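Labels run A, B, C and D following the written order; every chain starts at residue 1.
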Amino acid sequence: MSRGTIPILRVADNLLVTVQTELHDQVAEAFQEDVLAAVEKTGAAGLLIDVTGLDIVDSYVARVLSDTAKMARLMGTETVIVGIRPEVAATLVRMGYAMPGVRTALNVDEGLAMLPSRR
Amino acid sequence: MSRGTIPILRVADNLLVTVQTELHDQVAEAFQEDVLAAVEKTGAAGLLIDVTGLDIVDSYVARVLSDTAKMARLMGTETVIVGIRPEVAATLVRMGYAMPGVRTALNVDEGLAMLPSRR
Amino acid sequence: MTIRVLNRDEMAVETEHDVVTVRRKAQAVAHGRGLSTFAIAAITTAASELARNVLAHARRGTASVEAVAADGRSGVRMVFRDDGPGIADLPRALAGGYSTARSLGLGLSGSRRLVDEFEIETAPGKGTVVTVIKWARF
Amino acid sequence: MTIRVLNRDEMAVETEHDVVTVRRKAQAVAHGRGLSTFAIAAITTAASELARNVLAHARRGTASVEAVAADGRSGVRMVFRDDGPGIADLPRALAGGYSTARSLGLGLSGSRRLVDEFEIETAPGKGTVVTVIKWARF
């Protein structure tokens, strides 16, 4: 489903994307495009982006994540970003970027509960 | 129901408008007027605008679409834009125009499910 | 970097219909150069924005759509040229959200974000030339 | 306050990959100096923002990551140096939300909020030097 190294899994009606690689310029666009193509192909009701594996989220990566959520929303799919670590949350807010408009949850289970089901 | 080339169909309580032509200046106003006239005439509960046929949505067309949704809302009719393609979603967000305030869905069925019924 | 021009199409931009023609040409050339679906949408949308700007702010001008190659990369270059009023406050026009017309003011800033290279030459009374390039990814 | 430099790593900042290298070095040194998880995330994120600025606005430059000590405190100092265009309107660039590039404009203002000491030396045409320090808490 993915041309890159980012695993995209189906979980019930939803897609679960696990971000592990650092999303620098060269892979960020490919990440977004892979995710959107998978959303279209599967008709996923919701999109979960798991960032538990990221120990650093700078303003660039934060922007890539929130843009991805906006893109999915235009296609009609809700996004929840899950697994933002305490130190990452603190850093983002101190920098003045609290990812406005993005829904978040503690973990994948909580995130799944926030998404609508197609059925 | 339409004076232009844009098909407007009734689907249960709702209107389904399929945009296929490119909405340039000369047809954009006619498109909006046809749609609003149909909304009034049918008393539609909701309006679905299907843009699956558009492989390009520039800022002008995005504005025409979101303005149409605002106009319908003023008349008391909810709009859902359906079928925004992955590459169109990505382009709009990268341009900085994520169509704020516009509801979207993956396809016509999902869009219909989001609309209230008059009955 | 040396850019080789493999093919060039010059078109007038004087009517709404010309904007559609330029857009279609951009799309066809991008497709022919092997750009991805996403890159094709990006360059075609930029073509639409920039051609519309010529029409809206200068009334008329020209667009050139070129198939280009450099360093083994394949791409599309477009040049939009007009003898209109030019842009007095360029930083402001490029910042986005600023418009002297009744539009969104996202044409210039948005196009810039959609392409890999963006150049603009303009001065009040001297017209405007916008050059953009989109490369195919490896 | 006298700052003793216990160790210094100088790195080139010329590619995306260099940004990752600088970030990792900052993280490792901060960890080695006994900073908390939160302080490590803060200084590492600042490293990322400031290295990216060198790349984005000056194309190339250098980063130095130092293990430092002062008044019995242990800390990390980083210096980002470039010969790029410099910053003409510094108050505006530091205010945040202002960007001449296609980004959020939070790199400078955000980094400043994440560190304990922040210094910037810049002038148009004279390049930019940003120095930051993060101390371990007692």
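Following the convention adopted for this analysis, contacts are C-beta pairs under 8 Å (C-beta built on N, C-alpha and C of every residue); 3 or more make two chains touch, one makes a residue touch a chain.
Since we're looking at a predicted model, the values are computed, not measured.
Novice: Just how much do you need to spin chain A so its Cα atoms sit on those of chain B, in degrees to the nearest 5?
Specialist: So the angle, rounded to a multiple of 5, is 75 degrees.
Novice: Among the chains here, which has the CA centroid at the largest distance from chain A's centroid?
Specialist: C
Novice: Where the centres are mean C-alpha positions, what is the separation of chain A from chain C, in Å?
Specialist: 32
Novice: Taking the mean of the C-alpha atoms as each chain's centre, how many Å separate chain A from chain B?
Specialist: It comes to 27 Å between the two C-alpha centres.
Novice: How many angstrom lie between the CA centroids of chain C and chain D, rounded to a whole number?
Specialist: Here the centre of chain D sits 36 Å away from the centre of chain C.
Novice: Centroid from C-alpha atoms only, then distance chain B to chain D, rounded to Å. What do you get?
Specialist: 47
Novice: Which residues of chain B are in contact with two or more other chains?
Specialist: Residue numbers touching two or more other chains: 85-88, 90, 94.
Novice: Looking at the complex, which residues from chain B come into contact with chain A?
Specialist: Counting only chain B, the residues touching chain A are 82, 84-90, 92-94, 98-99, 104-107, 110-111.
Novice: In the complex, go through chain A and note every residue touching chain D.
Specialist: On the chain A side, the touching residues are 22, 24-26, 55-60, 62-63, 85-88, 90-91, 94-97.
Novice: Would you mind writing out the residues of chain A in touch with chain C in their complex?
Specialist: It is residues 29-30, 33 of chain A that touch chain C.
Novice: Under the touch definition given earlier, write down the residues of chain C that touch chain A in their complex.
Specialist: The touching residues are 36, 38, 137.
Novice: State the interface residues of chain C toward chain B in the complex, per the touch definition above.
Specialist: Touching chain B: residues 16-17, 19-20, 23, 27, 37-38, 40-42, 44-45, 48-49, 52, 96, 103-104, 106-107, 109-111, 113-114 of chain C.
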